[in-house]
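Dropping the structures in below, format is structure tokens.
Each of the two complexes below includes chain A, the first together with chain B, the second together with chain C.
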Partner chain A sequence: MKKGKLRVNERRKTMSVYFQIEEYHRPRDLAQAVDILSGFGNRARVIAGGTDILPRRAGVKKIDNINHLVDISRLGLDYLKREGDHIFMGAGTTINTIGASPLFLSGPYGALSDAAGAHSTSTIRNRATVGGNLCNASPCADLALPLLVLDAILVAAGPEGKRHIPIENFFKGVNYTALNNEEVLVEIRIPLCSEKTGSSFLKLRRHQTAIDMAVVNVATSLNCRENRCEAAGIALGSVAPVPFRAKKAESMLAGAKLSKGIIEKAAVAAAGEARPIDDVRSTSAYRKKMIAVLVRRSLESSMRRCGQ
Partner chain B sequence: MFESHIAVGKSLERIDGVEKVTGSAKYATDIRLENMLHAKLIRSPHAHAKVKRIDTSSAEKLPGVRAVATILEVPKVIEYWFSLRTEKKKKQMFLRDNVVRFMGDPVLAIAADDQQTVDKALSLVKVEYEPLPAIYDPFMAMEETDVKIHSRGNIAFKVNKDYGDIQEGLKKADIIIENTYRTSKQKHAALEPFGTCVALYQSNGKLTVYSSTQLPHWSRHYLAGALDLPLNRVRVIKPHTGGSFGGRCGLIHGLEVMCSWLSRQTGRPVRMSFTREEDFIGTETRHPMTIRMKTGATRDGILTATDVDIVSDVGGYGTHYIGVIADCLSTGVGLYKTPNYSFSARAVFTNKSPCGALRGYGNPQMNFAQESQMDIIAEKLRMDPLELRLKNYRELGEIDPVLNEKILSNGLRECLEKGAELSGWEKKRHQWKRYQRSVKATRNRGIGLSIMLHGTGAGKALPDPASATVMINADGSVNLITAAADEGQGNRTVLAQIASETLGIEFEKISVSETDTETTPIDCGTHGSRQAYSGGLAVQAAATEARNQIFAYAVKELGAAEDQLRIKDGVIFEINNPDNKILISDLMRKTQIEDMNVCEQVIGSAAGVAPAMPGYYGAVFAEVEVDTETGEVKVLKLTNAFDVGRAINPDLVKGQIIGGGVMGIGFALTEGLLIEDGRILNSNFSDYRLLRACDVPEIVPIIVESDEPTGPFGAKGIGEGCMVNVASAISNAIYHATGVRLTDLCMTPEAILKGLEER
Partner chain C sequence: MKKMDIKIHVNGDWYELAVNSGDRLVDVLRDQLDLTGTKEGCGEGECGACTVNLDGKAVLSCLILAVQVDGCTILTIEGLQRGSELHPLQKAFTSESAIQCGYCTPGMIMSANALIYNEPEPDEDTIRKNLSNNLCRCTGYDRPVKAVLKAAKDMKGDTNV
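Coming up: the complex of A and B.
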């Protein structure tokens, strides 16, 4: 057996409802991970907690050609620290670690704490990682939204070294990101916000079970000075192919004196920027309505958290 | 009754607890036999099609492939209980043809040396289908006569039943409420998937089947019929089971018969185990129903008439469809003393996965309609819903017109009173309402209630035998032999408690047999909330007989009259001379071993059917909070009071009440298969929303004991009823919170919001 490579147990392969792999790689370091990924092109996929990739069923076009998994869970990517003017978050940090971190309890980063708490169930959160949540690029990825309003920078490692991708440029389509096949997302950097910032996250489910994915989820942030909004962030999930910032609605708030009226208007504007679809979980019309409700409530909550 | 109990009424430790907690308990999936083959099914990708051609030639050439069996030769079991009565009917139980009737319907199975070979072989099979028009809607199925899902037509069963004069009843009514309710295709979602089977057909012509069936003896009947074997050549062994909820009430579609067939072809044991996905797409579900209900009442809140019409969606194959409708009838008519009741129902085939028994049978559907109607009537009459129930429920001593049985125990009033007190019904009912009127709140609270009746056992409707054997050993320990299948609820523990109490021998000295048709006498199985009652009666009778035999020996030994003898804690003594005593173990050793002229073992046996089908009752008080801007519902608390006659083991009863509460919330708010063009979209636990532990609110279980005179120590059922009226109580609570009446299950935020906007 080659080093850093585990042959898949024959019996595991027979679980045929789920997609099947040929080889499971556990690289020693990042360089080796990138090497393996470079060798297999689109046939390989990174695995960390495995909560997105493992339950995927066979027959899903996007993963049918994947038969190599590259395990990055032992590359030291599980860390959270505040240094200089950033918070640095390893891509392998689990959702529960984020939810429990005192770094995100205060006003500016409250949305991250909210989103981590609203993500599925505790057992899944113990395995699921922030990097996985982003790289899976689901339209309803919970962690994507607070990171969008916090203007996070994503650090990817590839054969040419590292590069920085602003999170706004990261999501390209459903399950499709700006990463190349041979790249690994290694870190998320959150620029420190002014203490006058508050953020929050809200999620609506169709069935009221914790495991349920969002029908609509939103994150907002507000930077206020004496009730005047200096900057606003509104990110919407589950209502377009990718999570995105509702820029028009944000610009209505920037510079405005915050009031019930303007918040309501911005919330309605945000709903106008969404392109939700009808699916088994919900109708487009309901989603549109709910964006307005959730954005309004989230903005109110962010406002309360300003300066906390 | 006994003055003091040694086992009954105590929350004794489960007899299988340690085994299960330590992981040593063997489930069907753990069974491995020597030389065992593995089998798997090919399932139809079409909802309705003729199988034109099956080409297995390349698959059969694959080394390691041992047998192929197709639906052309292996019969499907499509009728249950009712068909066991006559030879002619028995033939109707089995169907061999070339038609697949739902997406996922088995077409063939291959058995091979290992799982990989099976998978490979299956990929080499070519099946040619001729797709037929598929019908998913039962109403269309009734109209569409060109498309016949079964040769006898699409209506599987229909019934009209009248009590009193419905027209007269409606005339007497001051208000008449009419609505149509729809319920979902709920799945059992048992922790252990349906189903796993290992079958071994030996050269001596004997078939042994390991299967987690709820009805081991009935499964033996079905297998014997399907394979044309005498009953004594079929042995069904039921290992530990991880939940059934009705889904193992019989054979699993495409499992046991197929496995047995493959084993007969090869002479080797064959194992087949469905994945969770197969459980979701290919095994039975609850019958979705459309229930039109018209209810009439006088100004004073006295029910005068109920007119019901039900369309039940059977899916592609029928098994329990008659019983389920009969249950709608008996629970609907039985609960309230409505003098005029008109009941009509049709069970209709569609090209969807088959429906069968699921906890509550037809009662949860019927109860949702009936208890919603009651809530509406109370509102219209400005009457407390609790008072309306008390005015109309069928009380102790009245005759149940469907079963034609006198009600001998009824704790419903106590359920309502205790539930109301513990939930704070009166206060919340008024305060929360006032709060909603005065404040334009976005989170409204509501409290609702509903009641239910469910039958214990099925003695009046089906052959429903129970039997038991109690053997006393030379050391005073006891073997209880019973076929009562324990699905995880703990009924074997309850039966051991009944044996212990009846014999006067400590619970720890009772051991309960494996569930094996070869060594246990006939039992109708674990269904219809019957084991504590029907099984319990058999155990009580067998233990009484054993006790009488013990006394006969003791009379000789102690020289006292039999009516002067008592047993306590394993000691037989004369009541007025307690020093004249003997240990049961000493007496038994004497008669079995020491006295070589005797050498007799005390064996008590009993068989037969329970004398009644007593109703058990319950009241659920649900408290919810509704977000009026999003329609989200949060169940805050359930207070669930159930009259179980007598709780043989209170903790096990509470376990049922809480579990039933969880399943009921699922039925109300989160569960149900989503089907698009015949395809089930949520065939796994990430898409089918079961409540996780973190989603479960506080559930307060209340046990009410009404002492059923026909029951063992006063016991009757609990297993199903505790989920029956949870959905209706939640719906009524949502109405209280919002003024929105929902008629379709499950109730989604979107539907609630739509209701709020239309309000």
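Coming up: the complex of A and C.
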């Protein structure tokens, strides 16, 4: 065993303020994690992969007053299994694990596989978790969109036990979710879809570099029987404070005979439901136009995947 | 800031270290272990200069707290060399002139090392995708891609992480 050299020089002193945190906690089980979170209120935050919280806390960009980190990455929350009529996904499952899983290769869940592949770089995806992507509640969270069209149920653990939150009720605002301070997202449940379902995800970036966040991103799902659509899902990202379902556009497709025309109409309707802003990545007007294009392409792709 | 004792396996040796709760892995590697081959570029996960291998996977050492890797195995650019001989990736980057300023190189090589470990015969497309983890602003990517292709061929699956 080597003892690490401890060079406490000036440089090191300045380096150590880069990321200030009073205490790091590694609870031995979920109950202890909830206990610690309850004790520190809004001064504590859950950490798993850390790929969102570290840059958010770094240097001059320090944006909050969190002093305690509660690490849930060793609580056995990384699992993927298909049992009964659900797929169960631990909140600590890394995005690369999801992208590589054969569970999501088939038509109904293809959107999840697409989104996992489009999320950042593989070095980040090796650490970033699905739970973190959801709890960070970014308007452009890639994995939120397929999980929205797949009607995922989120399981949160708190002092009073577990509760189920439909993903549609989870996002409350930018970086703000339905979770209380003392709650931990532990599992994502995806109801099994009929084999006649197809889903897909598309993301537009500025430079098509892996790291950039979306200008707009969309996921769609279609359940078709002989070209007749029984149910449709359209989720939009980066065009409102939270990722959301474009319900009006969905209702235009439900029960309709699928054609180029109706898909185009639904895509335009979805763009009408978007409320984008101007920012460094894009203008509001461009985002609206691109929503229509991406929704159309994604619906076409979902249609091809039906019954695959 | 509370100190914590951790044990990490770096480049073949175990180290016992006392680290601040907020120290990132890149801070500990560079400042406590003097392994300055790992570079810090942007410090927020965009550039890939700080890429190291953690339990066989390429990860960004600026986005991991040192306390989070307690008990884990880490390989940095300094640990690639085999005795006095350079690693095939290091040799290929040199022979293919895939280095100019060299700041992104350790990250690129560690990213490629994990790729070859997990996929011993990557095709060019896979390599290009993999190298998009790492931003290079001077050499460009053609030569690094060639270098990784050459190294993968030379290594024939003989990898270490």
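Annotations
Everything that follows uses one rule, which is that the second predicted complex is superposed on the first by the 282 of 308 C-alpha atoms of A that agree within 3 Å, B and C clash if a C-alpha of one lies under 4 Å from a C-alpha of the other, contacts with A are read in each partner's own complex, and residues count from 1 in each chain.
Assume contacts are C-beta pairs under 8 Å (C-beta built on N, C-alpha and C of every residue); 3 or more make two chains touch, one makes a residue touch a chain.
Model, not experiment: these values are computed from the prediction.
In the superposition on chain A, contact is made by A:N126 with chain C only, not with chain B. Once chain A of one complex is fitted onto chain A of the other, the partner contacts of A:M290 are limited to chain B, with no touch recorded for chain C.
Legend: residue contacts after superposition of the two complexes on their common chain; A:E22 is shown touching chain C, with no touch to chain B.
Which of chain B and chain C touches more residues of chain A is settled by the count: it is C. In the superposition on chain A, A:S282 makes contact with chain B only, not with chain C.
Shared-chain residue A:G50: touches chain C; no touch with chain B. Contacts of A:I211 after superposition on the shared chain: both chain B and chain C are touched. Judged by the document's definition of touching, chain A residues 11, 15-16, 55, 121-122, 209-211 lie at the interface with chain B and also at the interface with chain C.
On the side of chain C, the complex with chain A involves touching residues 1-2, 4, 13-18, 20-24, 27-28, 31-34, 43-46, 48, 51, 54, 57-60, 62-65, 67-68, 70, 111, 129-130, 132-133. Across the complex, chain B is touched by residues 10-11, 13-17, 55, 57, 121-122, 204-212, 215, 280, 282-283, 286, 289-290, 293-294 of chain A. Against chain A, in their complex, chain B makes its touches with residues 115-116, 119, 275, 277, 629-630, 632-634, 669-670, 674, 676, 681-682, 684-686, 689-692, 694-695, 746, 748-750, 753. Residues 1-7, 11-12, 15-16, 18-24, 26, 47, 49-51, 54-55, 58-59, 61, 69, 71, 73, 120-124, 126-127, 209-211 of chain A are the ones touching chain C in the complex.
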